[in-house]
Structures are given as structure tokens and as C-alpha cells.
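In the two complexes that follow, chain A is the common piece, with chain B as its partner first and chain C second.
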Partner chain A sequence: MFFSWDLLFEALMFGVLLGCFYAAVSIGLSVSFGLLDVPHVAHPAVMVLGSYCTYLLASYGWDPLVAGTVLMAPFFVLGMLIYRFYYETFEKRGTEAGVRGLAFFFGVAFIIEVGLIMVFGVDQRTVNAPYIGDSLRLGDYRIPHRMIVAFGVALVLTFTLSAYLSKTFTGRAIKAVAQDEPALRLMGANPVRIKQWAFGIATAASALAGAMLIIVGPVEPAIDRLYIGRTFAIVVLAGLGSMTGTLAAGLILGIAESIVLMFFGASWAPAVAFGILLLVLGVRPQGLFGR
Partner chain B sequence: MEQSRRKVLKAGAALAVAAGLPVRAARAQQNVVKIGMSMPQTGSLGAGGQAALVALRLWVDDVNAKGGLLNRKVEFIAYDDQTNPANVPGIYTKLLDVDKVDLIIAPYGTVPTAPLMPMAKQRNLLVMGNFSFQVNAKVKHDMWFNNAPWNDASSWSDGFFANGKRVGAKSVAFLAADQEFAQNLANGARALAKKDGLKTVYDQNYPPTTTDFSSLIRAIRASKPDMVFVMSYPNDSVAIVRAVNEIGVGSGVKMFGGGMVGLQFTPNMVNLGSLLNGIVNYNSYVPGMRYPGIEDFLARYSKRAVEAKVDPLGFYLPPFNYAIGQMLEQAIRAVNSFEHGKIAQYLHGNEMKTVVGPIKYGKDGEWANPRVVQAQFRGIKDKDMDQWRRPGKQVVLFPEQYKTGDLVQPFEKARG
Partner chain C sequence: MRFWIPAMVVVLVAAGVALSPVNEYFFYASYIVLTFVVLATAWNILGGYAGYVNFGTAAFFGIGSYTATVLFKWLGAPLVVQIAAAAAVSGLLGFGVGMLTLRLRGIFFAIATVAVIFIMETLMINWRYVGGATGLQLLRPEVMAPFESYTRMLFVVMAAMAVGAVALARWVQVSWIGRGLRALRDSEEAAECAGVPTLKLKLFACTLSGALMGAAGAPMPMYLSFIEPVSSFNLTWSVNALAASMIGGTIHWLGPVIGAVILGTLQQVVTVTISSEVNVLVVGVLLVLFVVAAPEGVLGLLQRWIRFFK
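Take a look at the complex of A and B:
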């Protein structure tokens, strides 16, 4: 093992960038699972769908970041449709909806994966942009531009969603539906519409996260499987429904992974990340920022 | 009385029909010979697996156009194992016990093949191996025949180390995926490094879930090696090449690469383009290597591959998968039988003629004369697929009989 303060600084720096990327890919799930209690295991698959749509637009000369932003609108509608179907078919019908809903979202993930294979094949896909493949050089330090982009997008997504949820009427209604749905109903609001709207927002965030995914690295249709455990771990570690908590949890996992990769056995990286999750849940079962 | 006579007649008719069924089924069986396999068609090896299937189906069509094998049409069955080794034993059980296949071919890759080996040995089955590495080293199954151009643990990497030695490399860094294939390769490479007196300055295994390689590449740079030997799977290989371009591995590195799977697949080669320049990596075939029938095969493969939306060039796996079919065909015709033991005996004792050249097997079912190519990417341009069809873009450094140039080093200079 090599140790130097320079290397430690770089490990921290890479960890922060990686952590922000993890937060960006988890933030949609933080809304759908954390706030709405929907067992959305198809979240990474929807994100990969976002990556492929970004790839498609990028092949017509679009910048991937712009493509991801534009895709948020159709993905918002897609999210509303998915939730409406889920509500009518499962949630409306009783308390076992959670378990059956899990099967539904596994089905959605499977359909997306197979659909992508049929349309695009199984080859890896990448996009090109001026900020992919080069790095910012500060003396001896080099910071990949693509990770800086992921860092920026994660910050924008987190703080925009936080502000939306706490400062707007609909945002506060989304928080209210997470806390006490019957009370919201008694006040004359329609919780289903609020949840549908919130699920649309979560899916829109997944479109941008999908653009991040293909900016950071190559994607293939089955890559969503790599992210199921990681994104759920981040949302649970954060404390269900906390946007800033999601950013903090992503940073913790990213920094832990980066330091372990650089200084200790890289094979230990996933174990350390999930070890932190177990440790935190042992001390604070509600997660870092949960109430 | 009338009633019971009717019953007897009905029972008799039913028995006659039932007795006839197996005969009919057996007749149907005799008209075809079934060849089955599990193949990664999705997951990290899916791209290679689908390209290999195009080649195998091409062989099936070719052999059926000639009347089949011993007057039986070849029926080919392939199931997707999703690059998940846990699916493999179940798939082969179905192939053998439900589909009743006559012959089996191993899935592409080391990780999916490993779980097949104990079953193959237990049931005494002939297995045509498919680009796996060292899976028979411990099992020692005597009816195993690998189509890949390597044999023992060091045969894959000796070309890389021989070139390193030639340019005076004194130290090496290892970066390996934490799974069966890469670890088998790493063991051979470590043994070679020790034999050559190289100092190992960095040796790290990474989990297959690794997203970003910046930290690992930075750690390699800090260790200041003369050579970096990387053993990675397709998704990781692309991410590593990008991280090297962004972070750099240091001006002292003379050679970088070695065992990176995925840099032989056309979509990755086209996507990475000039980022590949300077990397020295293993391969099975590069344009310029001449064997009887290879160019005709590649032309016909290419047409089908475009329709199937898979690797349009298909240099790496497809010719060797077509060769599996050619070897089976040659052996079955020679022994005039589908008996596994007889076919195995023939494969052990004879040189096979294939589109990837003559293949002679050693006792362990690996190539008696390995010829893993180590080639350096040179002068690669971005977004140009046709350049890959021309010789010279992958300069062969090893083996000597195929050599087309010397190593350009250090790595930073070779990257242009």
C-alpha cells in the first residue's frame, strides 16, 4: 500500500465526485421509494432507458446533457402513466399491494431491458461530448471532466428538488402525502394525483440521471442490475425521502469506495460501503437524515 | 360381454398407439442430430456471445446444405445464460435431459463455462470449449477441446512479458477483475513476472461492480511501474481505457494492456477510437493473418452480423466458433459416429483443418501450439470503422511467425 497526503487528497476528491454521481442516480428513487413508499425496483432500468434515449438524441448531434434535460418532459409523462397503472392495478386493491407491486416493477424492469436489447442489441453504447475523455489539470492533479459534470448535475438536482419540496405548495403536498395520506385526504386534496405528480418528477429525474450514466461510462441493457442494490442502499442510508440526505449518503459511499480502492484491497469496496449502511442503521434505524 | 369386448379393443388400440409413439419419436430423432449450448446473449459477455452464435448458425446452414452430418440434419439449440454462471448447470440439464441433445458446446467465456465442467466429467460428455481459460486445469476432463488459441496459464501473457523484457522493463503493476477468468490469467502473469525477475510494484483485484477507475489508475501512476498488465472484462476495459486517457499512467510506463477482454469487439473499438493508440493487448486474429477460408468466412459472417445487429467485423470470436463446427464435422465424418468417446479420440489424435488454421490438441484439450497474438494499436482514428479491416492498425508484436512490427514505447509516446 502506498500512502501519501497527495494520494489521500486525490482519493477524497475522486470520492466526492463519485459520491455525487451516486447521489444523482439515486435521487429519483429517493422520491418514489423514500417519499411515496412505492417499491420502484425498476428505477435503474428507467434510468438506463434514459441513457439509451440520450444515446439516440446524441447520435443526431445533441449534447448528452441537453438531451437528458429535454428528455425530462416525456419521462415525466411516462412516470405519471406508470404510477397510474400501478395504482389502478395494485395500490388501490389493498394492503398486499407492496408485494404485488414489487413483482410489477420487476416486470417493468424486465420489459425495458428486453425492449432495449431488441432495439439496440447487447453492445455497449457510449456518447461523445467535449467533456468526455479529457480532464482538468491542476498541477499534478487530474480531474475527469465527465465526473465534474456529474458532480454539478447532482448538486443542481438535489437542491432544486429540496427547494421544490419545501417551498412550493405541491412540493409540501408531496411531503404531506408521505407523512399522513388520510389527513391530506381530509383536507380535500387528492393524494393519488399528488403521488402521480411526484412519481412523474422521480421519473423525470431518472432521465437526467440516465444521461449522467452514459456520460460517466458505457451502458448496456443489463447494466441496471448493478445499480439496484447501490441506489436502494443510498436511499435507505440517507433516511427515506431526504434529498440532502441522499446527497450526503452518496458522498459517504463514494468517499469510502474511493479510499478503499486506492489504499486497501479494491475487492473490499462493496463490503465497506454496505458495512457503513449496516453500522448506520444499527445506530439510527431511520437513516442519517430520517425522522 | 359386448361391453367388455369393446373395452378390450379400445385398450388394444391404445396400446398399439402408445407402442408406436416411441418408434415414431426415435425415427424423428434419427433424422436430426441436436447440438445444444448455453450462451451469454445478454449481460457483460452478451455482445461476444451473440456474434459467436451468428458464426455457429452459419456453420449449421453450411453443413445442412451439404446434407447434414451422417445424413442427419443438424438442429442447433442455444439458450441465454445472461452471463450468469448460476444459470449454466440448469440449462445443460435441460439440454441433455429434456431436449436430448446429441452434442454440447460450452458457453463463451471462462466464468460461464466453469460450472459446466463437473457435470461434463461426471456424465462423460464431449465438450467443445469456447474461449475459456484454464477451466480444465484442475478438472482434467479428457473429452474437453477448447477452440481458443492458448493452453497453460502463462501462454496468454508470455508475448506481453517477452516484449517488456526486450525493452528493459524492470517492474510491473497488475490490475485484475475479481473473478475466475482474470484470476486464472493473473496467476499465469504473476508466475511469468517472477520468472523474468520483474519487481511487482502494484497488484490489485477490483470487484466487477466497480463504476469508476480513476482511483485505481491514480494508484498505479503513483507506483511508477515499467509495465501495466490489465486483466479485465468488456465493461471494465472500456472504463479503464477512458480513465487512463483522463488520469494518465505516468511517463515511465513502457507497455500497458495485456489481457483486456472487449477491446477486440468492433463497437468498443469504434467507440474508443484514438484512445486505444499505444495499448498492447491480446487478440485471436487481426487482419493480415492468412488462413484458408478465413476471408470468405468473414465476408459471409459480416452480412449476417449486420442483419443481426452484432459485431459487424467479427475477428475475435466468430471464426473460432465456426471452427468448432468444422472440427465436429471433420471428426464425426472420420469416425462415422456420434459417440463422444470416438469423436474425442479422433480430436486428440489428428490435426484439424479450420478457418483459423490447423489445430492440434494437447493431452489437456488445449492447443498444443498456442498462438495468442499481442498487438499494439497504432494510428487509430476516431469514428472510422473501415480502418479496422486494413492490416497495420493492430501491429502484431508476438508470436514471431506473425510479427508485423516492433513495440513503440514508452506508452505515452505510442499514444501519439
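Take a look at the complex of A and C:
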């Protein structure tokens, strides 16, 4: 291990960029698991599906960011369909939905992963865009442009979503359904439709997150396994359903991971997210900004 | 007796087949199917009876393999010692994970078990003694007298272990422990109020389940003559154990056995005839199909048919 302040500063800077990116990939889960209580372990797999759709569109000459934004529409519909199916088969029947719901999403994650392997193979895929190879020079430091793009999109995504949830009528309804579903029912609203809408939004957000994933680095079908840890660590650390908490937790994970990467080497980095996750579950399961 | 006589017959038949001149490949494939039986039975003790989903089968299995490898490399310990030590270490791991997360809702336990897989994998990747990321080649010891090859011996060992695991699961199911676990699966509060020591029972189930998974992993390095982290801690072990139980049916000890035999055999056939990717796809599709359409598994379907024809 080699220590210098320069290196630490670089790790911090990179960690902030990485952290915002992590927050953006987790924001969908923060809605679907944090607010709606759906054990959506297939969230990272759906995101990787988004990456591959972006890859496909980019191979026709689309800009990956544009592709990701356009993909939000079909993914919104996909999300609504997934929730509807989940509701009809598990939530409606009630008993033992926990075990079977988890098993269902785990199975879905595997189907998506293997489906991608069969169509695209196990090789890593990348996309091309003018902002991908280059980096910004600040004195001695170099910041890759792709990280800045991801950073910007992540901030926009997080703040838009948290504004949507607290300022608009539907957004408040989503928060209400998370807080007290029977009460919402008494007010004459249909919680299932609201949840379906929210799940659609969460899935649309993961389409854009998937586009960023392939902008930031090469993607392979099995990469979703690593992101199970990262996304759940962030959502749990944030406290279920807190959007600004998600950003803060993302930053914590990003900085921690980048420091470990810089000083201990890449082989230790994957364990950081999972270590934080176990620590939070053991010490403070309600998270930092828990409701 | 209704259980023990067939159980003894299974072990004796396995030994008999191992001594007969059956094709070597049969043992090679059956060993994996038997491993599935142990893993699924172990998974069901916590997942089926108590309703806590464990995604960490791969962690317990892998740690079992690595414990065996360390003992073999360090002391040249015999297989029985390796299995016992692997069970102890994995059981301890199960106890630790349980202590940390079994107080929380089931989903948190499930996610924590995924975390354990990756943490253990990272530790092994960075541990030079066991070969790090590149893995370690192992030299099998001499074959013991009556068996023709080492794989045949491992097959018999695994068959005995499968019968042992099923016997343990059956004991848990019919004893007061099983009743307590079923009670807490239906309602944790109600069980606690009725005087069921829920946390203790969950911890016991988690420890026993982890120990059995570790034991199942112990002979694996010898079976392959090789060990490396990525395949030892592969999430496919987890999905297989979970899917076998869900497919067979989780309410009875027979369920995971049926599920594991169906799934394991099907996978061996698919791997040989089509490809190993399709094999994982088969598991995923079957899992989702059964969870959605036949939540009680094969056992539930059989029950319904029997009732229908009566």
C-alpha cells in the first residue's frame, strides 16, 4: 500500500463522480423496493438489459444518451407490465408472497442474463460517442469526460425524481401509498394503479441508468450480479425510499470504493459494497435517512 | 423404519452400482445430481420450513470447498475430516449471517446472503495460499481398495451424504423444531406470542442449513482435482438449490429431493445435448413457471391429482 495526499485527493474526486453514478443506477430500486416494497432483485438485470438495448441502438449510429432517453418509454411500459404481473400472481393472493416473489424476481434476473448471453455472447460490449474516449485535464489531474456525463445525468435524474415525488400530485400519491396503503384506499384512490405507475417510472429510470452503465465502462451480461450488491447497499444505507438519501449513500459508496481501489487494488473493490451492506444491516438497518 | 429401510437400500444400491462395471460418465453426472439433492434439502430447512429465502448457497458451498482444500493442502487430511471441518466452518458462517440479519425482514436476510457470496469470493481471490484468482491444482490421493476410481468413491460418499441430509431434514420437519419453524413462517408475531423461541429456531435452521451446504461443497475440489473462486462461488449454485426446492415443493422433505433429481438430470442432459448456457436458462424458466403456476411444486400437483382421481 502506497499513500500520498495527491492520490487521496484523486480518489476522492473520482469517488464523488462514481458515487453520483451509483446513485443514479440505484434510484429506480429506491422507488421499486424502497417505496413500493417489491423485492426487485432483478433491478440490476433490467438495467443491464437497458445497456444492451442502448448498445443495439448505438450500433445504428445513435448517441447512447439519446438512445437511453428514448428507451425510457418502452421500459416504462415494461415496468408497468412487470408490476401488473407481480401484483396479479403474488400480491393479490397474499400468502407467502415474500418467498415466492423473491424467487420469481431471482428467476427473472437469470432469464434476462442468459437471454443476453445467448443473443450477444459473453464478450464485453462498449459504445462510441465523442465524449467517451477523452478526458478533461485539470492541472495534474485527468477526469474522463464519460464520468462527467454520467455525473451530470445522475444529478438531473435524482433531482427530477425527488422533485416529482414531492411536488406533483401523482408523486405525492406514490409517497402516500408507501406510507399507508389502507388510508389511501379509504381516500378513494386505487393503490394498485399508483404502484403500477411508480414501478413504470422506476423501470424507465433504469433504462437511462443502463445507458450510463455502458457509457461509463464495458458491459457484460453477468455484470448485474455485482450491481445487486451496489444498488441494494445504497438503497438500504439511504433508508428505504429517500431520494436525497440515495444520492448521499451513493456518494459514500463511491468514495469508499474508489479509495479501496486506489490503495488496495482492484481485486478488493467488489467487496466494498457488500461489506457496507452487511455492516448497515447489522448496525443500522433503518439506514441513514430512514423513514 | 418406513424411512430408514429405503434409505439404507439407497446407499447399498449406490455402493453396488459403484462396484459394477457401469460407464464412468454415469458417476461423473450422478455426483452433481446428488450434490443438488444435498444443497436443495439444506436450502429447504430454512427456505421452505421457515420461509427465509437464502440466496447464499454458493457462499456456504464455496467455503466448504475451500475449507476442504486448506485442510488437504496443509495436513493432507482424509476426506471424512475435510467434510466434517467444512460443515463446521460453513455452519459457523450460517450462524454469523443469521445473527446479523435474521432479526430483520426476510428480504434483508436474502440480500445479506448475496453479500456473503461476494465477500467470501473476494477474500479467496486475494488469498495466495489457496491459489488466488488463478486457482489451485490438487493431486487426488490413492483410491481406496474396493473402488476402481476416485470418482466412484466420491459418488458413494455423496450418496451417503444425500441420505444423511434428507434424514436430518426429515427429523427437523417431524420434530417440534419443524412445527416451530412452520409457525413462524405463517406469522412471526403469533409464533412468538405462543411461546415459540423464533430467533433461536431460525438461527438453528440457518446453521444446520449452512453446515449441510458446506459439507456438500467439501468433496468438490477432489472431484474436479482443481479449485478456483469464480466457479466455487458461482450464483448458479444458489439458483439451483432454490429452484430445486421450489420445483419439488417446499412443505415436505421429499420435495427438494424430487426437484433436485428432476432439475439435475435435466441439466445434465441439456448440457450434453445443447449447451451449458441453455442449461441455466432452463433453471430460470422452470423456476419462474413453477413459482407462478404451481406454487406448491410437484408435490402439490401430485396431491391435487390424487385427490382428483379419488
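Keep in mind that, in the parts below, the second predicted complex is superposed on the first by the 262 of 291 C-alpha atoms of A that agree within 3 Å, B and C clash if a C-alpha of one lies under 4 Å from a C-alpha of the other, contacts with A are read in each partner's own complex, and residues count from 1 in each chain.
The criterion applied here is as follows: a residue touches a chain if its C-beta (ideal position, glycine included) is under 8 Å from a C-beta of that chain, and two chains touch if they have at least 3 such contacts.
Keep in mind the model is a prediction, meaning the values are calculated, not measured.
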| item | value |
| --- | --- |
| Partner chain in contact with A:39 - chain B first, chain C second, else both or neither | second |
| Which of chain B and chain C A:186 touches, first, second, both or neither | neither |
| Partner chain(s) touched by A:117 [first = chain B, second = chain C, both, neither] | both |
| Partner chain(s) touched by A:104 [first = chain B, second = chain C, both, neither] | second |
| Contacts of A:4 with chain B and chain C, given as first, second, both or neither | first |
| Chain B versus chain C as contact partner of A:216, first or second or both or neither | first |
| Chain B versus chain C as contact partner of A:138, first or second or both or neither | neither |
| First (chain B), second (chain C), both or neither touched by A:281 | second |
| Chain B/chain C common contact set on chain A | 113, 117, 226, 267, 270 |
| Complex contacts: residues of chain B adjacent to chain A | 41-44, 46-47, 49-50, 82, 178, 204-207, 209-212, 214-216, 218-219, 222-223, 234-235, 238-239, 242-243, 245-248, 262, 265, 267-268, 271, 275, 309-311 |
| Touch list for chain A against partner chain B, complex | 2, 4, 7, 10-11, 14-15, 17-18, 21, 113, 117, 120-126, 132-135, 142, 144-147, 216-218, 220-223, 226, 230, 258, 261-263, 265-267, 269-270 |
| Sites on chain A touched by chain C in the complex | 33, 39, 41, 89, 96, 98-100, 102-104, 106-108, 110-111, 113-115, 117-118, 225-226, 228-229, 232-233, 236, 267-268, 270-271, 274-275, 277-278, 281-282, 285 |
| Chain A partner contacts - residues on chain C that touch it in the complex | 47, 51-53, 55, 100-101, 104-108, 110-112, 114-116, 118-119, 121-123, 125-126, 133, 185, 235, 239, 242-243, 246, 250, 277-278, 280-281, 283-285, 287-288, 291-292, 295 |
